[in-house]
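Each of the next two complexes has chain A plus one more chain, namely chain B in the first and chain C in the second.
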Partner chain A sequence: MRPSAGNERPPGRPVSGFVPGFAAGAPPPAAGASPFGAAAPLARPGGPAGPFAPPTQQQGPPVAQAAASPRGPFGAAPPAAMGGYRGPPPPQGSFGAGPPPPGPFSAAPPPQGPFGMAPPAQGPFGAAPPPSQGPFGATTPPSQGPIGAAPPPQGPFSATPTQGPFGATRPPQGPFGAVPSSQGPFGTAPPPFRPPPSALLQPQSPTGNTMPSPTYVRPPPVQSQPQPVQGYYPGGPNPQFPPSRPSFQQPMQNMPPPSMGPPSSYSNQPAYPTTGPPMGTLQTLVEDFQSLSVSSAPGSLDPGVDVNGLPRPLYGDEEPAKVLEAFPLNCHPRYFRLTTHTIPASQSLVSRWHLPLGAVVHPLAEAPDGEEVPVVNFGSAGVIRCRRCRTYINPYATFADAGRKWRCNLCTLLNDVPGEYFCALDASGRRFDADQRPELSKGTVEFVAPTEYMVRPPMPPSYFFLIDVSVSAVRSGLLEVVAKTIKSCLDDLLGFPRTQIGFLTFDSTLHFHNFKSSLSQPQMMVVADLDDVFLPLPDDLLVNLVDSRHVVESFLDNLPNMFQDNVNVESALGPALKAAFMVMGQIGGKLLVFQSTLPSLGIGRLRLRGDDVRAYGTDKEHILRIPEDPFYKQMAAEFTKNQIAVDIFSLSDKYCDIASLGSLAKYTGGQVYHYPSFQATTHGEKLKHELSRDLTRETAWESVMRIRCGKGVRFTTYHGHFMLRSTDLLALPAVDSDKAFAMQLSLEETLMTTQTVYFQVALLYTSSSGERRIRVHTAAAPVVTDLGEMYRQADTGAIVSVLARIAVENSLSDKLDSVRQQLQLKLVKSLKEYRNLYVVQHRIGGRLIYPESLRYLPLYILALCKSLALRGGYADVSLDERCAAGFSIMILPARRLLNFIYPSLYRLDEVLTVEPDMIDGALKRLPLTLQCLDTAGLYLLDDGFTFLVWLGRMLQPELMNDILGVSLSNFPDLSKDSVERM
Partner chain B sequence: PAAAAARPRPGGAAPAARAAEMVFVWLAAFFLVVTLIVLVIFQLMCLADLEFDYINPFDSSSRINKVVMPEFIVQALLSALFLLSGHWAMFLLSAPMVYYNYTLYERRQHLVDVTEIFNHLSREKKRRLFKIAALIVLLFLSLFWMIWSVLEEHE
Partner chain C sequence: MVKLTMIARITDGLPLAEGLDDGRDLKDADFYKQQAKLLFKNLSKGQHESSRLSIETGPYYFHYIIESRVCYLTMCDRSYPKKLAFQYLEDLKNEFERVNGNQIETAARPYAFIKFDTFIQKTRKLYLDTRTQRNLAKLNDELYEVHQIMTRNVQEVLGVGEKLDQVSQMSSRLTSDTRMYADKAKDLNRQES
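Let's turn to the complex of A and B:
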């Protein structure tokens, strides 16, 4: 595990000034374990930002400037820029975190914050010096040619305000440092910024009076020495600077803090004459120092950063509920979320939106009680759809001609209203019965589909279990857990009383089981011919559960004993899959494969590809992550064609090539569960929970999904577990409430002519009760011409979902390293674009600003880069785990994905004494920082798949005894007792 | 020039027989190229049908995959024909495609992947369009040489 993404490049390297933060993002490994260490660096940028946002034009008294400057950039940017901005003033959210570090240091860090996470971007920016980018150039370490050469511009400015502020700011610090108590700035600062943005630009003096003292919350610890005045003038420090640079880069300890003062002030000026906040080499240096202090080296500097103040997603995913306010007829965002709830009006706007433009669809999301999806039956009128584009009637459709026609909102075609469906219109053109008809008043409805929507009569839900009974499965206790869980779920299986069930066990031979209802015990038939698999019985292999219940139960009771003496190590998965296909082919349904070893016999046998360390970092790296044998893809295609969904439970203790097996799930709408080193005692509960969830959750069978959208836009790429049956039709043999799909949009026209774009997700499926249904979600999004509005409406959860899926797909054809870089590049580009947007208008200078809506994005991207699927290289994650995590990311809905990459951390020892029913309120989610971990604490980390219990070193032994029931002295391996659940 | 290179074979058959032989070779080459073009156009049509949703991906890919190997074999035959009949220039023109087919086969990318067919659609189409272009060049050349050798025979 690496401490942070930043580590991937040598800290001193002059990448691009504007991302100097990356150095900060990469604290020395000592800083902590992955997520925690990673989080820490982020904190740093926050604080300093304040003081150095120098209001460009100000000439006011030093104090006033000092006052204005700290808030200037942030305060100014958000209110002005982000119309939709609500809640606490931005400075607090994003930057409030850091009580500004001491003067000299504060200069550098500001921009780092968000960018610290995005090293790769640096290249491009370093190379791109248009004026607007000046700020970025400014941050580049002086070692780079341009900057060293740049000083001339300073001339004019040495006299101008730019320098004034700095000169001014420094001195005041003394007083301010002393005056304000610890938190002044943030508590008090915001009010001044509430006023309309225009106030921020010029009239600094008024605010200046009120603000200065609060801003400089913290006495500058670093600033032990008075600043040399000449430091602020271009002439003086320049010559000195280059020589000192090398020493700054590596041996940070050598540099006494005071010496940094002077360079800080001038280094930025050359590159960024207009507003030049102090940045540059110093920055790297400062960051180095700060990272040192974060790692809590004794005697090091005060980090000066309030980690707790940084924006952290402690409340998980935030659904863009405000969309519903603007478009009350839309479906709830839990079903459909756009990455930004706007549609750019032109191609050029799209190219400036560097984040993905797309949507996350979760068609069967579980609705809270009271919000169940209404079911509509049109009866003889038939389902009302547009003649041309086949859009279903929805609340956005308008009626005309006294109610005899309706206009499709997607393609604007005027359709006839069937006689049975006719209703008069009121004065405003609305139907009188609109409120009584859910399809005209709700964004989400379900239509009962008549027979035209059936290729064949709806099939009963069927479950077929393919269970590996080779020696490793027997030894690990798999059979017992599986048999017990299935038995306990028999009552809850979907589709009672039509449910079909069947079992096939296999090792080096295939064992069919006859569940004929007239039998009292199941009959086992062994087929040893793996090359030409045949069914020993024409039927009774997949039987009705109600009729054969007693046979199935007796089979499940005997299953663990039947094979307990099996010493067969082979596994003929391929032939078993073919056999299962023959059994299920007619009906379709769900195939659950329990595989405990690498398939070794018959078609589809896999070799131990091994996780070759030499492959990492080369062009061959990705080959390990793609299916080796085309057999599995072909099988998957056959399964999809016959409406069979495959769920893979891989429980191997060794490599079992999830990459190949997983493709079965990938193209059939299935899911991959992976239990490394499965032992019934350790993982039994987890398996039990996940298996019963899999068997009993709401499932839609034999389904297809299509998303229609208005003119001018088109969905181009789809990400998730499905198979494309035509360019925009997703075939989903089974889809359930745990699966979400992501897709990307593209503009077909260079200029959008409409004001609103409508989307309609339609899922045609067979319900477990055997009814053909169409679930329709309709949403509208406004077309905008303003990039700022796109940022304002951005939805971090959806963006992270789409980005994560793209990244996982890229990791199948590219190196992990470059996948991570692409992610970071996108982040940096988007933040830079946002910055450019407002730097021009408001002259914010070298500050980093980002929209309120994306304040967690940098953190999530970092978390994504550190997720199991993408982090590190060879030794960091085993290949199987990496692939399994990748498959999970491809299906998780936004909320669960965010929790997966940024898990919830709770401190438990404090709530152990609380009444059990009060615990929910008492548990507080903690940020994932090292500081949050107290060695005397007991913590729980929950990523939605696993519970990780962290026992502090100094935890009271009695407590430990009580919890684990084991005394510490003879407790062998802590990891074995982690409680796990779905 | 290729034909010319082949012509002065010392101790070869009589000039008339040689010329007839050449006509036969060119005729065979011509039909092989036509076959190839038909095969590739058939694949392109399957892809286009798929794109416009006239056919499902399972049928489309199985149809395409059925003719991929025949296409490769015919292509190899054509090159072998040029090589054996001593038409070096024509051989050099057709050999790269054989080599390309071979590398595809080696990487096991010669068959269309039904599960990913939509993602690869544009790539697969491009490949085949380039093939068509190259084949048409071959077609005209062999037509030209066929006529040339027929005229020569008459002289």
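Let's turn to the complex of A and C:
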């Protein structure tokens, strides 16, 4: 709603001239500068604040104030929000830039778009009955009276200006800024109610009212009524919701199509196309859902939803551990999870399961301490595998013919047991030695690979650093952080004593560094020929770390000084990549690229592809999110062929086309790190932490992975960072415990004849210690004919992972809007299907029900729609951040993904004021709702990438002083500053 | 110049170590590596006539020495002094035995001593240039005699196995035929009597 409101309004309002004027005048900080344009960026940072701000306003100033006084803007405008943030510690910086937290967090507008606003979403949840409107509608008028008394046009007007600018961007504001005044009486009213009321009928109301509803509504995406097994899913605060919508449309229609809105106001429009009427199928669904109600007595004031009772995933991901009870021989779900731990028996069942059918594989997930993967060496018998389908022997294989044969559980072929591996069977047909052999008793084992599994001797772990030393890298302090971090990690690099290391720096030329062990200082050689790159030395560019340790250290010590005075602004990344390829090609390994500007010279140079507002909402929207130059993909293919994985560290303060650079990581099993407007003082710690983790985590080299599955099913698509070799072999030059892969299944036959389907993940890799191993995970899943069972066995974490990856991939070929719509559609369809299953049985008439296993799914999907990668439109997230978040989503394991889209929130001030020895170490995770935030509190939001510290407005000054070392009174107002930097 | 270096256990042909980035500037590296592996396979069947041998293959020579059931093999240009090549192998052997000597028999996986590649790498560099003072001195060293080391052609060496196989096949056929003949003769004798 929100977005639409924003958009519509400006036009609707006659006052084209008025709006801008107002905006400029009123909200000085935000809108003032560039009425709308500015507003948008601000909005982001303020996102979280927005929601919070409202309370403040309530307390004091009426509407007028809001507009005019600094305070007003404050509450409503992002700057205010900033105020709240003020004094944020380093993390904040990144924070500000990275809006991640805000999105999921509060009712930030963009996110809303999808859910709240999106008609579909509403439909399902917003079943709110018209009656509900009644109450509100009634209330509203009075409130508006005072203000609204003015001629209708005006009413809307006054409201509009403020909202116009922000409306689109900043929902919270709308409600508060505009509404408060009118709603004076209501101010006290509990927030939830406030917003909705107005919406209804009148044109005027739309402005004020509509806005609020989204804000508040949102929080309770998932509502729970205490239902043991199946919760009721009262969509969000429906009552409020639906009304707002209708009201909206009306106003729009009524309004004369004003020319209006400053461009900026329009900018938001594209972002929220969702508001538009749903598409065909969706429409019917929505209608169906609108007939469902949440409130007990439609028409009464009872909201019918206890926001606090909604299910919230405060314990993060829930691994489907019960699977292990049913199938004790399965590998642990941390390695392999199906979206529902069942296989539908027929195609028709599949079509009724509207969620994805697939799996999430995390082959190198870290096992808890003390739990090690057993290693098996078959010696001269060779690795025991099925002759036909090449499945590895596993606990589900059965033995026959007195132990001389074994039957493959995937393809049912009878294989011979090699003489060396023979063992007699007991009466039940089980081998006597089954318990002694891990491969016959454990779902996860590692086999020592014999020579046939090697095309060359195990490679040494090798690291090659490609460092941009152009002026922006020098100024931001990048070189110093990188040099120090690498130096501190030298002892922990993997593969001692075989580790290889090398560096190449570049600006408009390439600088090679000779680390020959007999030198005391590294020698630098400059190659200026970018068209025909050559290596100035045959050897010693990539050297053994042990032998050349002193040379490498001296290089790292000097690196920051070496380029101190460099004023070169160019960046020849393409040629540098070619050079790196020539250096590393023989061995392979990891290539870490530190890039601080847009590549500007030589092959692979990129241009500033304007992130154009006008492109959003059109068919061309996605083009900015896909690589521009095929060079990077070709290069990635070469890299993968030579076992090189590329990690991109992008530390630009401007656009640097992550969409293109990222494809290097995407096809080589790498990773993308993005630090918007990197400054060593602010982001240094984060970079240091992430870089050392990248360098020292256990890594599997030159690996390939394949998943086999039993008859009747087939893996069709794979999602993650890898290169697909042949149809089902994933080539992974390097893979580690931070990377997971998702894949989708389809049935090959219309009817499954078996009782159980088996899956086997095999990862062939070289460990850092130089051993070639095969890690094998085996799992079984039952074939079912009952849709209810599929719902019972559903795994929210896996479903969200698969959906998220599909959504990110779709966003590369489609509008963000339709991507979000598709997500919602899937959710709605699946809930509807579930309802059809049980509605009669439970006699719940008009209520929405959902399965226990999926109780968090709606919330997560909402969070996903609000995530950096998918949220809003043009102004809500910068293009680079959006792409970087997309790349992250593609590799995150389920647990971290869930935390990324639905971050953990903790209240800190209570802990900080306790005696240190009284702290029990466990922080309580809070739901991400406005109600949980106390203006006198200090909160920490952790999404796994960034910490966001939120300082309440009423926070005790002493505490503030202790934490920031600044007292609130003389604390400089950073809000504007940081906004500009962003 | 040294092109390839491989170390393998000859009891079962299990590769133990191999030089790093060998074959970087070699076009047919894979082909020659394959040949070297075949050689190891033959050796593991017990078909070696001497513990030191040079084998010519295309433009290169394989040189190997076998010591305490480990084979050290290198491939060099034809022009590379034989003497230096064997000195190189001796160096490797000494170091390898010193470091890993007692684990060789128990190694159960391929390339169990891959860490040795850094030493191979370093030693190889010392032997790259035949005209360094150090290498010239070694060349002039009369103590290390390589003249009696035989030189064979790779086809011969790899062919030996095939021929032996043929011979053993023929002989086994002969045995079975003889047995048949004896049986028949016995039969006939019985019939006659």
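Here, the second predicted complex is superposed on the first by the 649 of 982 C-alpha atoms of A that agree within 3 Å, B and C clash if a C-alpha of one lies under 4 Å from a C-alpha of the other, contacts with A are read in each partner's own complex, and residues count from 1 in each chain.
One rule holds for everything that comes next: a residue touches a chain if its C-beta (ideal position, glycine included) is under 8 Å from a C-beta of that chain, and two chains touch if they have at least 3 such contacts.
This one's a predicted model, so the numbers in the text were calculated from it and none came from an experiment.
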Which of chain B and chain C A:Asn377 touches, first, second, both or neither = second
Residue contacts with chain A in the superposition, chain B compared against chain C | C
For A:Lys641, decide between first (touching chain B), second (touching chain C), both and neither.
-> first
Once the shared chain is lined up, is A:Met723 touching chain B (first), chain C (second), both, or neither of them?
-> first
In the overlay, answer first, second, both or neither for which of chain B and chain C A:Asp909 touches.
-> neither
In the superposed arrangement, does A:Glu480 touch chain B (first), chain C (second), both or neither?
-> neither
On chain A, positions contacted by chain B and by chain C | none
In the complex, go through chain A and note every residue touching chain B.
-> 630, 633-634, 636-637, 641, 663, 666-667, 717, 723-727
Partner chain A, residues of chain C touching it in the complex = 12, 14-15, 17-18, 20-21, 24, 108-111, 114-115, 117-118, 121-122
Interface with chain A, chain B side, in the complex: residues 50-51, 53, 56-58, 108, 111, 113-115, 117-119
Chain A - residues contacting chain C, complex | 377, 379-380, 448-451, 454, 456-458, 460, 497-498, 544, 546-547, 586-587, 770-772
